[in-house]
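Both of the next two complexes hold chain A, though its partner changes from chain B to chain C.
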Partner chain A sequence: MKRSGSDSRPRAVAVALAGLLLGLIAWQFAGQRDPVLLATPVRSFEALAAMVSDGTLPAALLDTGLLFLVGLAAAIVGGVGYGLVLSRSKVLRGSTGWLVFAFQSVPIVALAPLILAAFGFGFGAKTLVVFLSAVFPILINTVEGARHAPKTLLEVARVHRSGEWPLWRDVLIPHTLPYAMSGIRQGIAMAFVGTFIAEFFLQATGIGGLLLSASARFDSATVLGLTVLVSVIAALLMGLGRRLEKAFAPWREGSTE
Partner chain B sequence: MSLHDRRKATTLTSPGRGGAAVAIDDVTMRFGDRVAASGIRVDVAPGEIVSVVGPSGCGKTTLLRAVAGLLTPSEGSVKVDGEVVDGTPEGVGMVFQHFGLFPWKTVEANVAYPLRLRGLPKEEIAARTRELIGMVGLSGFEKSYPHQLSGGMQQRTGLARALAVRPRVLLMDEPFGALDAQTAEVLRFELLRMWEEHPITMLFVTHSIDEAVLFGDRVVVLKGRPGRVHEVIDVALPHPRDRAVARSEEFAALRERVWSLVMSPDAGQAG
Partner chain C sequence: MTVLTVDAPVRKDVIGKVVAVVVLLGVWQVAGSAFLPDYLPTPAGVLTELVPTLTSAAFLTALGETVVAVVLGLVLGCVPGTAAGLLIGRVTWLRQLTTPYISGLYAMPMLAIVPMATIWFGYDDTTRVIVIALSAFLPCAVSTADGARSLPANLGDVARVLNVPRGRFVLDFVLPSALPFAVAGLHIAVGRALVGAAAVEFLANIDGLGTFILTSARSFAQNQAFVGVAVLALLGVLARAGTERLIRRVAPWQQTHQD
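Showing the complex of A and B:
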């Protein structure tokens, strides 16, 4: 399975690139027919280049990146940490477990006005939006993983009179890590969406802010350029997430479990 | 006879002791309404090997878990060296049917696990781990993960880990039950050879009648639901228990006797 994966990789890349090229050509033609509504790729690229040279794009990227990273980091710490605690405590699971499942289905966009009212629209409030977007997949995957720790291994720990902390170190955390990593991979995607929700609905800063002001000005070249940039970043992040997921379970390599 | 000599043997695995005494005193194991074992009484002398056989569901594994302190008897008591078992006692090692290795730890780390839990100095852990891995014939595989090893090698790792605590009692939960026939055969004789060098108390739960007779100084036959002690057979086979012993007529006769006891219609039910 692994071999065929590495064999087909160059081809997959070539196919993806061909698709991208086709899309760009179609876009260029469409843009030439209606330049107001749909700027051409060339003009979009020029718009991006202009924002790079006047420093607005790097500053916006930094803003957005910081928001994304802080929110995601908080979601990872909170999701994995609380997930592990939840898996060991029946009381907490009974009292807050259902809340977690109920809360995860609430669209964060709907909560944006509430968060705005409660926490204002500073960095903290925006981070909260990113955190809330990303935390649930991480939390839920972690709980599922930790709760299914193999019974035999828990018995092995008991036979060796393991204390609670060594039990976490030797059994629960290593067993849960791959599950948490799949949660984090999903969390990265959600945090990305959350970052833009925060920038659109709380305070127009960063890339989201640039997008908003450009579309208010009907500057379709900038809007489209930024959109493409954002998609590329998203694709790269997803690739990174998958890499991470694999890297964290070397013992799983080749095993079917 | 040799029991006394065995106990005197001062060895690496059991410094100055030939193992602990295990007393299973009138133990009943209940899970809700279901009674898994009832009124079990088995005494294991220091340095003795007692095999426990019986059909599936007779409660033999449950009994072993009670001695390991993983389960608490509903009635009666389990004592190791006179101390009532409450949690796994110091000096009790256990070998699991499905090995119970940590998939994320290498062979080395799995074997070192009990030593790390005890907070021994690093150099001592490294030295003892090396010695144990050599003893079970896994030198060169220190850095392998369990999934890279055959079942036999995984169980060798499991055995090395159980021996790491310098056990005075070794609890064997169908240790060769998940292995193919040849591998199981090889490991049986290796374990017997190791035991001759470092004789310790062993409680050996198994499905295999051959194995029970080969290892046991006595064989306890459990029967019925709930399981009760149906019969205890003395195995007066000579030591060391090697292949020659396994081919002898005495072995075959004992094997037949245990076989017919296990297979006979349930007399245990009436008692």
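Showing the complex of A and C:
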């Protein structure tokens, strides 16, 4: 019973690949025994390939990707922006800071029917869902980061009559960014969830729409193929977020006083 | 930035908070009734609907359905999840073998699994419990595995040198270091289970709080729907506060995981 630090990287990858292969084989066997409920991986792959060749899958990916990116971008701008404003304004922080935490606990899924009723199912309404899903972790981490901006630097800047903009550029933003990045990592995951909320409950477009219609047809090959595709995309996005966070982490080390 | 006065900020804060709430509710009320009457819940409307909704039989049955399903799903997900976490945290080859599945499923929005689940388990309560259990299983397994791995190497060495039997090693070494992580996993699982429940109820049309919100919103009872949303949010807050207290009790040094 040694601590697991000893596992070598190539071996880990090899075993993980073996695990994937085992799973595929098991899936193939199970699919052959019960072809209605569980399509085989070969059939799922063929279903995906057919959707690629007739253009529905690329179009759906583009739809979903656009919604995800626009919503996430809005959440980053809004979250980091308002977070920085909150860090500079004691009045706003005291009066609205706690509201942020209250809003954060509202499940966006449950709000979806109300958003649908009030704002319809256009691109704006769907973007709103993605934005609401992603903005709070970004906002909260940004505020947290701004709190870690060294007080001495802020005071020195004030003593030297630094303008508001140089203060942001040289002190506030560099010290807040690593924390905002943690928020953005969480925001990426939440925006992906929000994209599916929008596509499932507002208007069946994109990958979510394809999933729903295939599920209604009991087309298990397509549903399985898409579900696996979604989980691969999700894992890639998580990896991207972690890399982003790591890239800015050294700044965080430097800021500890 | 440093403030020297002691009592002034507190009072100012209260005034600020009240002003913020009044402004927020005011804008909401005016905008809601001016631009989107009948389509947007308003504070006044929610207030008048609050008591009738909370005491209506339809709401109470829906609430009961969802809470029972969530509790059942949490038990069915977290118990095997924690056990699996202990296993994959300590057994290297098993962890490597399952990594693609655990990280793929953990990253995935559980919503996206519902279409598959409805094909497999039908549009009924089974699907709901299974999706909730799966949403709960993954954070429990991932977090507990982290905890089981976090046992310091020198403690493992000590156990080996002293020839501690395997059973005692798990009980006296692995479990204590994994316990706070297991509770942190539960903390995340509770939130995901509630959201998962509402999502499944929407998609599979199963009776519960989610369907209560959906049917209210569709029949232009927006205020009633909003009461449902607020209750769901409140359940989440209460449950998370509960697990947070639990974390502080079993591991006062542990910070709660953010999710």
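Following the convention adopted for this analysis, the second predicted complex is superposed on the first by the 229 of 257 C-alpha atoms of A that agree within 3 Å, B and C clash if a C-alpha of one lies under 4 Å from a C-alpha of the other, contacts with A are read in each partner's own complex, and residues count from 1 in each chain.
In this text, a residue touches a chain if its C-beta (ideal position, glycine included) is under 8 Å from a C-beta of that chain, and two chains touch if they have at least 3 such contacts.
Fair warning: this is a prediction, and the values are worked out from it, not measured in the lab.
Engineer: Which partner chains sit in contact with A:V109 here, chain B, chain C, both or neither? Use first/second/both/neither.
Structural biologist: second
Engineer: Which partner does A:A247 reach: the first (chain B), the second (chain C), both, or neither?
Structural biologist: After superposition on chain A, A:A247 lies in contact with neither partner.
Engineer: With both structures fitted on chain A, tell me whether chain B or chain C touches more of chain A's residues.
Structural biologist: Between chain B and chain C, the winner on chain A residue contacts is C.
Engineer: Have a look at where A:H175 lands relative to chain B and chain C in the superposition and call it first, second, both or neither.
Structural biologist: first
Engineer: Kindly classify A:E155 by the partners it touches after superposition: chain B alone (first), chain C alone (second), both, or neither?
Structural biologist: After superposing on A, A:E155 lies in contact with both chain B and chain C.
Engineer: Examine A:P166 and indicate which partner it touches, taking first as chain B and second as chain C; both and neither are also allowed.
Structural biologist: first
Engineer: With the touch criterion stated at the top, can you tell me which chain A residues are shared between the chain B interface and the chain C interface?
Structural biologist: On chain A, the residues that contact chain B in one structure and chain C in the other are 155, 158.
Engineer: Where on chain A is chain C touching in the complex?
Structural biologist: 1-7, 11-12, 15-16, 18-20, 22-23, 37-38, 90-91, 94-96, 98-99, 105-107, 109-114, 116-118, 137, 151, 154-155, 158, 186, 189, 192-193, 196-197, 200-201, 208, 211-212, 214-215, 218, 220, 223-224, 227, 230-232, 234-235, 237-238
Engineer: Within the complex, which stretch of chain A touches chain B?
Structural biologist: Touching chain B: residues 152-153, 155-156, 158-163, 166, 170-171, 174-175, 249-252, 254-255, 257 of chain A.
Engineer: Which part of chain C faces chain A closely enough to touch in the complex?
Structural biologist: These residues of chain C touch chain A: 1-3, 9, 12-13, 16-17, 19-21, 24, 36, 39-41, 89-90, 92-93, 95-101, 103-105, 107-109, 111-116, 118-120, 149, 151-153, 156, 159-160, 166, 169, 194-195, 198-199, 202-203, 209-210, 213-214, 216-218, 220, 222, 225-226, 228-230, 232-233, 236-237, 240, 258-259.
Engineer: Using the touch definition from the top, list the residues of chain B that touch chain A in their complex.
Structural biologist: So the residues of chain B touching chain A come out as 68-70, 87-88, 90, 92, 94, 96, 98, 100, 102-105, 113-114, 117, 145-148, 165.
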